[in-house]
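Before I ask anything, let me first share the structure, which is written out below as structure tokens.
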Amino acid sequence: MTSEKSVLVQVRNLKKYFPVYSGLLFRRHVKDVKAVDDISFDILKGETLGLVGESGCGKTTAGRTILQLYKPTSGQIIFDGVDLASLQENEVRRMRQRMQMIFQDPYASLNPRMTVGSIISAPLDVHTSMNSAEKRDRVQELLRIVGLNPDFVNRYPHEFSGGQRQRIGIARALAVSPDLVICDEPISSLDVSIQAQVVNLLEELQEKLGLTYLFIAHDLSMVRHISDRMVVMYLGKVMELADRNEIYLRPLHPYTKALISAVPIPDPDKAAQSNRIILEGDIPSPINPPKGCNFNTRCPIATEECFVVDPEYRELAPNHFVACHHADAS
Amino acid sequence: MSKKTIFKLFGLLMVVSMLVAACAPQTATEAPTGEVSDDVFIFGRGADSVQLDPALVTDGESFRVTGQILEPLYQYEFGTTVPVPALAEECVASDDAKVWTCSLRQGVKFHDGTDFNADAVVFNYERWRFTGNPYHFDTQVFEYYEYMWGGFDDDSVITAVTALDEYTVEFTLRDPLAPFLANLAMDMFAISSPAAIEAAGVDYGTPSVGAVGTGPFKFVSWQEGTEIVVEANEDYWGGVPGVGQIVFRVIPDDSARFLALQAGDIHGLEQAVVEDLQTAESSDDLYVLTRPALNTGYLAFNYKIEEFNNPLVREAVDLALDKEGLVANFYGDYGEVATNFLPPLIWGHNEALTDRGYDPERARELLADAGFPDGLSEVTIAEDIVDAEGNVLYAVGDKIPLRIYYMPVTRFYYPSPQEIGTAMAANLFAAGIEAELYLEGDWPTYLDGRRNGTLVGLYMLGWGGDNGDPDNFLGYFFAKGEEPMKNEGWYQNVEVAQKLQEAAITPDREARQALYEEVEQLLHDDIARIWIAHNNTPLIFSTAVEGYGPQPVGADYFEFVTFVD
Amino acid sequence: MDGLIKLENLRTRFHTEDGIVNAVNGVSYEMAQGEVLGVVGESGCGKSVHALSIMRLIQIPPGEIYDGEIWFDGRDLLTLDEKEIRQVRGRDIAMVFQDPMSSLNPVYTIGFQIVEALTLHTDLNKKAAKERAAELLSLVGIPEPEKRLDNYPHQFSGGMRQRAMIAMALSCEPKLLIADEPTTALDVTIQAQIVDLVIRLKEELGMAVMWITHDLGIVAEMAHKINVMYAGYIIERGSAQDIFKRTKHPYTMGLLGSLPKIDDAPGTKLFSIPGLPPDLVKLPKGCPFFARCAYRKEQCKTEMPPLEEAENESHIVACWRWREIQAGEIQ
Amino acid sequence: MEETKFEINGVEDFAVREHRSLWIDAWRRLVANRTAMVGLIVVVLFLLSATFAHFFWDYEPKTDLDYSAKLLPPQLIATEEVDIHLFGTDKLGRDIFRRTIHGGWNSLRVGLVAVSISLLVGGILGLLAGFFESIRMNFWESFILMTLLGFTLGMLPAWIAKQFFQAILFALLGAGSIIFDRYLNGKKKHRLYIFPALGAMLAALPGLMVGPMVALVCGVVGLLIGLLLSKPVGGELFSNIVMRIMDIILSFPSYLLAIAIVAFLGPGLEKGMIAIGVVGIPVYARLARSAVMSVTQKEYVLASHAVGESHSRMLFRHVLPNILSPIIVQATMGLANAILSAAALGFLGLGAIPPEPEWGAMLGDSYKYLSSGAWWAVLFPGLAIMLSVLGFNLLGDGLRDALDPKIRL
Amino acid sequence: MGRYILRRLLSVIPTLIGVTLVIFLFQRLIPGDPAVAMLGERATEENIARIREQFGLDRPSFLDRDALAEGNLAGFFDSQYSRYFGRLMRFDLGESIHRRIPVAETLKERFPATLELSLLSMSIALLIGIPAGIASASKRNTALDGVTMVGSLIGVSMPIFWLGIMEIMLFSVFLKWLPTGGRLPTGVEIQSITNLLLLDSLLTGNFAGFVAALKHIILPAVALATIPAAIITRMTRSSMLDVLQEDYIRTATAKGLSLRIVLFRHALKNAFLPVITIIGIQAGTLLAGAVLTETIFSWPGIGKWVYDSILGRDYPIVQGVTLLISIIFLFVNLVVDLSYAILDPRISLE
């Protein structure tokens, strides 16, 4: 099914390091935070690609770097045939018409001093030459699309609940009819019942507008629900990529397995029988990632090889990529 | 390094600094008493002394102290400006008035125990005069020597000072000098102990060393900015002083000083606001003495302003000022309206001159006659006014608002210059002369402006006498001659200059007096400046003390002060 | 199981500029010794406030516990004076908070903060307390506990901090441990560690645990009893089986429905409860869920349904229409 | 955008809270705050009385002189001899009440103008520093900013030297540095060699004409400057320089610096305003910089970036409105401080030129009559200073609580 | 730690050079000739020229272009600034133009007076401000809180010169309890060790001297302490209120700790961090406020001295004192940062 779709975004060997400076007299570049360390994947037209991982694994950075909010340290992002990294700043700005973002924190991502109307029309101001009446119509329409009362245009963000604000954020992202929407943990700060509302809204919009999503989240079950394919990241690297059912039913990477088993199941019967893999220890710091495989400090099946050689990211089964020395064995 | 180590380091630092402090040289005196001895006279004053080597300084607060420690050959008689012998027993002039022979007082010792003799006098005069003298240090300016004796080395009027014997000194002058004795009596020419100067070198006169002379009091200590302490010289040739110690305490603020007196923190003070004087007069615990006026406050014209060259305008200004009111309000009973530049105390003062009076109506008429029927608020520059760097500040023909500059500091002759200025401006305003009050920076800037002639308008200033000689007043300003005086508003009066030059070398006092009276008349007729007031500076004392002798010129006599039981 | 703590009609409110916020509106239940109680609900449902009310940690003003009784150890906690309640806090009832980062005092060492609690409630001397603190750290699975005692909170990772918090809470072997969303700020793999740890410790120490969370999954696997709260009310209470398998209240149903299922076909829509929870300042007179309920009727608008037994005696629900819904009479 | 209109999920037609902007919210909180209202009333009273007095109550200080009425105690009833003097009279017989009210015009004006100066200069510098440090600029943006900055900086020496082309020179320097910087952009190595080499050469050549030693020294200086320039222009270098200058200003005791500035400019109300204004610059620069840096960290700025908004839009729509409230609070408090400093300068005789009434100067003038019992001449101007400052402080406090609701419960 | 201090000290150097430059710039810009200022009404051209030469005032401020034109390199750099800087490198602050006394010597005498006054004021401010702030925060919205807040607001709004005058009126003139000014009554001697009279008198066991010195210092110290005390009160209160909202305070309470321990052990140490910064800033303000206080109380410190020196154009004094104050200010900042690091384990000094 996925193979029929054409590729919208190609991410190739993307790296994003944040420099760490030190020094009082002269600032010296002492080390890097390797937030995203050589990742590659494709995003297909019309699909939802889920990007999961724990905090600090670089998933948000990856999303922002794809959108050129951060300048990549190296690697390519080819959007519809254009290498974004090679563009000038104003060209990138023009490209933003086609790719938009929904942010994690519905409180912080809306300017508290601006009305909902001006927040949503900001992309219209930048990318279109609509007059103010047209803009107003469009904003009201967008509000209706995301399920808010169009009369709210003159209200301020703080007058809305978290879920409603997230809808405003979605409306802003949709204003210029983008092709790609990067959803950066859009539901993780919402209550359960509201999460479902937003997820449903996103799904419906995708259906109706033919959007492509990169859906970033740490909630495995929700990502599985919404995505077509899933990418699992750990410490700046991609561990596994596969179709959503494939990854859920036949995870190849020990980290993916642990991650899936760690998710509590809201069913007392299943919970009782589940054989949970509990990982030891904590996630290492991305400033000093371990040598060899990133996961070796916590991996239950790590061998000596894992401490020396960085595993290759390979296609083990059709459309199932994994980076583990022992992926076949398990 | 751990936090604990840091704490330890801090502790160590504290201990070390305590040790260092404990081992430091223990400078101060014996075990403190903690009580104010009732033999200590505390005098409050507005500023600290600059230096205790009197030859180096010009300020009255330095002389107030050096006058107690050091003595010149002559001094001014108690309460007058007449020179009388001090360390000299007598000075006699030769017939051509070019050689003065002084016989010295015998048996006098400096505070350091060395003898006072002719060699000491020669040492002091040579030190002042010769720039090559080993004790005439490069960084030192013997300003008054230069000013009173015409310069250093070969410029000096005194061409030789020789010791004829142990107690006889001979001064040889290039030209006759009328005020020779008056000059000799000035505080800056007091004799210091040569031994002390040799020992202290360039530090002589500084707080750590003080000064060593023959006077009634010996230097004890000087805490900069706070107080100078001197103690009675039991061996003083003039008798033992009335108090054991004098403390000259600095309290810069007039009213704080008065409050301190009221609170009993000090026994006497100089300079107070008029209202405090009234309080003091009516108080049972305080009394007021006055220092006879040897000063004049005046309002000067800048003659590069076209309008001021018109005598009618000058007269209008004169008539517009309510001098009686000013004096009554700001000087109280202690001031008097000035009719001469010379205060009445100085001979040469022209008794015949009177104030033109206060007549704003007449002032308006005069202004109208001068061509300003609507009053005067704007003036015209008559000649380029150039600052020290040569920039043209005001060019010919510039119209500027009429200004009246007031002084940013208090002086004897202007006890509260800002308020007096305000009142003057109000007076002028009432007569149609709309002068804006103007402040040209602080005192150095003000003096710079005066020196460069860049105070464009009317400005307040004054003069206090140094030695009671009329030449010290008139000569300084008006004798320079034929060219206009930059530093006094470009005023020019050749006749006055010639008379003053003549007076300066005339030995005969009567003849000189006549000349000075003529000069005063000329200045009065020309309305060169407007003399405002002479101020008999008030001093307030606690009734616990008596015997203080304010001097019109030179240092006050403290040795007669005693406590009343 | 004996009764450990019993709440009767607990009501807590806050006075704010916008009006009185009715955070807890008459909560009554009983906990047995050694029981694990899960309290679930969305933000603002009063689950944390009611726990803080038990500990009397509500700030007064603006907060106010204005009605109810909390019976613990034969005493009503709400009537105790300040000194007596301090004896209860930390010794009998201990609490673990949501954000381990901000819940530990950054300027004191972990050891100091544990020892502080120990010396307060036990007669251990400093040295003994320190040894005990090290034991506690090793109990909660922190390696090299002696060394770690001298560390400051910022030198710990998030999971370790929460372990330290738990060690601190367990220091005096409390009878009841209240865990207020202890894993919300943590990653899933770490959450699994903590859940595992608490269950193990509960077995070892025999204490009761009140686990407050919004994550239905967690309580499903560990809780003996579950309270479902909404707008300051308990709207359903029962065993895990009762709540998850024999759901009665429309809100609980909705919550469960909005969770994605593992066997969803692609494109399956999640069930979603429309609207928002009610404003606690202007709480409706009737059922608080009225505005969002698909089964509402006129009575629901005006009368708050009482908690009544459903099916078995331990399963109670507050809904006028649970029977009709159960019977499938209404859609 | 041609998709059909459709409805999803049913429209939610209620909002959580009633409709009002944050500013209105803040205003309501302010009004509800009793002490802040007291402050506001005091401030408004002072401002109104000063303004009304200035425009509608004739007073000619130049002719105000009446020896007969000098130093009268407060006089509440008019008699044959004396008029009413609510606050008594001073040494020149001037009515203190009248002068206090009129003095308000001057004293408050000093505060307002001084704060405006600090706010404008400090605020803009801080804003730029913060902006440079936190946002990647494009060529034209940094070009315009550096040119403006060069011009502004050039104005100071230009004004002092009275040679106005210096301002243009500085502006060109700013623009030139950006152009050159741009030219070398991406050629890091070149930059590292070219700037120091160029600096050394440019400096050494004229030095050669004088002597080899001079050339050597000039060359070293040029090298150092070149090294400094070899860091990217704009950005952090700029911010560093600005903040260093602010440090220098801050490390002077404020009154001494103000006194020195007044000594330089000459006395007078306007000069006092400048002096106090200059002394206050670093406060606002630091505040603005840190506010900008914290606002630009906010997600909504990132969001505007993601939307494709330009930097200027970002500055005016996101950054400015959101840094406003701390600055408003600081400015209100700063006003209180400026009035105090102005009074202090006036007290030292460095404020208004007499006979213009100004509180500090009135206090300074009359202070010497205190020992003779004229308490009224000192009490009332002092009270005026204290009350007006208190008013601004109360208001500032209230504004802080109103604009930053974090503290409230 | 040692390295950190060293580097901090090094990083202060450019600021200090900047300070000396600014002082010099002002010297060039401020009109008024020191020589004229010194000689007063009697200044003659010759004397002015001589004094200018003696003090190098005839040299250009920074660089001598004329000398450069003549090819005189030494002359080119021989400016007032280079001479001053050269002296500075030899720890020589120069000599007062008016008094011809080494600036360092006078500084040694006068600085302790200002230091003592500032230290006492700061102690008073801390002793009042911190307890008042804590009390006010812990009893929020009570009458006590209200009184403290109003009091501190009045304190912040107080023109200290006016307060000083009022103090003198009340305590010295009306009640006659305390002296009007000065540092020590005449006749009382205190053996000089550190030149901080209170400390010295205690070290030498001179009780009478201590009382006398205390009587003199108390009024100016109180006047000077008013604003810092008020600011510290407000800062302590708001910082305490912030901290009391923190989760770890709730944790501490949940442990069963008493309010007293929660306040003083858990809240105070955290709340103290922002207060330290304010104290550091206030230390600078104190030195600035000393100008006014010292004028009113005739206190022989550096504030009044440097003010007079600015007006008298006594450049070496202005330079010396300003440099000293700047160094102190920067040093206080360093100490503040260090104590910050000591109090807050989250901050590491590399």
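Labels for the chains are A, B, C, D and E, by order of writing; each one numbers its residues from 1.
As a working rule, a contact is a pair of C-beta atoms (placed from the backbone, for glycine too) under 8 Å apart; a residue touches a chain by one contact, two chains touch by 3 or more.
Bear in mind the structure is a predicted one, so any value in this text is a computation, not a measurement.
J.: Starting at chain D, what is the smallest number of hops through touching chains needed to reach chain E?
T.: The fewest steps needed to get from chain D to chain E is 1.
J.: Find the chain most remote from chain D, comparing centres computed as mean CA coordinates.
T.: Measuring from the centre of chain D, the most distant chain centre belongs to C.
J.: Ranking chain pairs by how many C-beta pairs touch, which one is first?
T.: Comparing chain pairs, contacts are most numerous for B-E.
J.: Taking each chain's centre as the mean of its CA atoms, how far is chain A from chain C in angstrom?
T.: Measuring from centre to centre gives 31 Å for this pair.
J.: Distance from the CA centroid of chain A to that of chain B, rounded to the nearest Å?
T.: Chain centres of chain A and chain B, defined by C-alpha means, are spaced 86 Å apart.
J.: Express in whole angstrom the distance between the two chain centres, defined as the mean CA positions of chain B and chain D.
T.: 45
J.: When the C-alpha atoms of chain C and chain D are each averaged to a single point, how far apart are the two points in Å?
T.: 52
J.: In chain D, which residues are in touch with two or more of the other chains?
T.: 9-10, 12, 14, 16-17, 263, 266, 367, 370-371
J.: Would you give the residues of chain E that are in contact with at least 2 other chains, written as numbers and ranges?
T.: 31-32, 173, 295, 311, 345
J.: Could you list the positions in chain A whose residues touch two or more of the other chains?
T.: Within chain A, residues 161, 164, 197, 200 contact more than one other chain.
J.: Can you check the complex and tell me which residues of chain A touch chain C?
T.: 54-55, 161, 163-164, 191-197, 199-200, 203, 218, 220-222, 224-226, 228, 244, 248, 258-259, 261-269, 271-272, 274, 276, 278-279, 282-283, 298
J.: For chain B, which residues count as touching chain D in their complex?
T.: 253-255, 258-259, 262, 273, 275-276, 278-279, 325, 328-329, 406, 408, 416, 418-419, 421-423, 425-427, 429-430, 434, 437-442, 445
J.: Mind pulling up the chain C residues that touch chain E in the complex?
T.: By the definition above, chain C touches chain E via 55, 57, 61, 82-83, 86-91, 94-95, 97, 99, 102-108, 116-117, 120-121, 152, 154, 165, 168.
J.: Give every residue of chain D touching chain B within the complex, in rising order.
T.: 62-65, 67, 70-71, 91-92, 263, 266-268, 349, 353-355, 365, 367-374
J.: Spell out the residues on chain E that touch chain C in their complex, using ranges where they run on.
T.: Touching chain C: residues 141, 246-248, 250-259, 266, 269-270, 343-346 of chain E.
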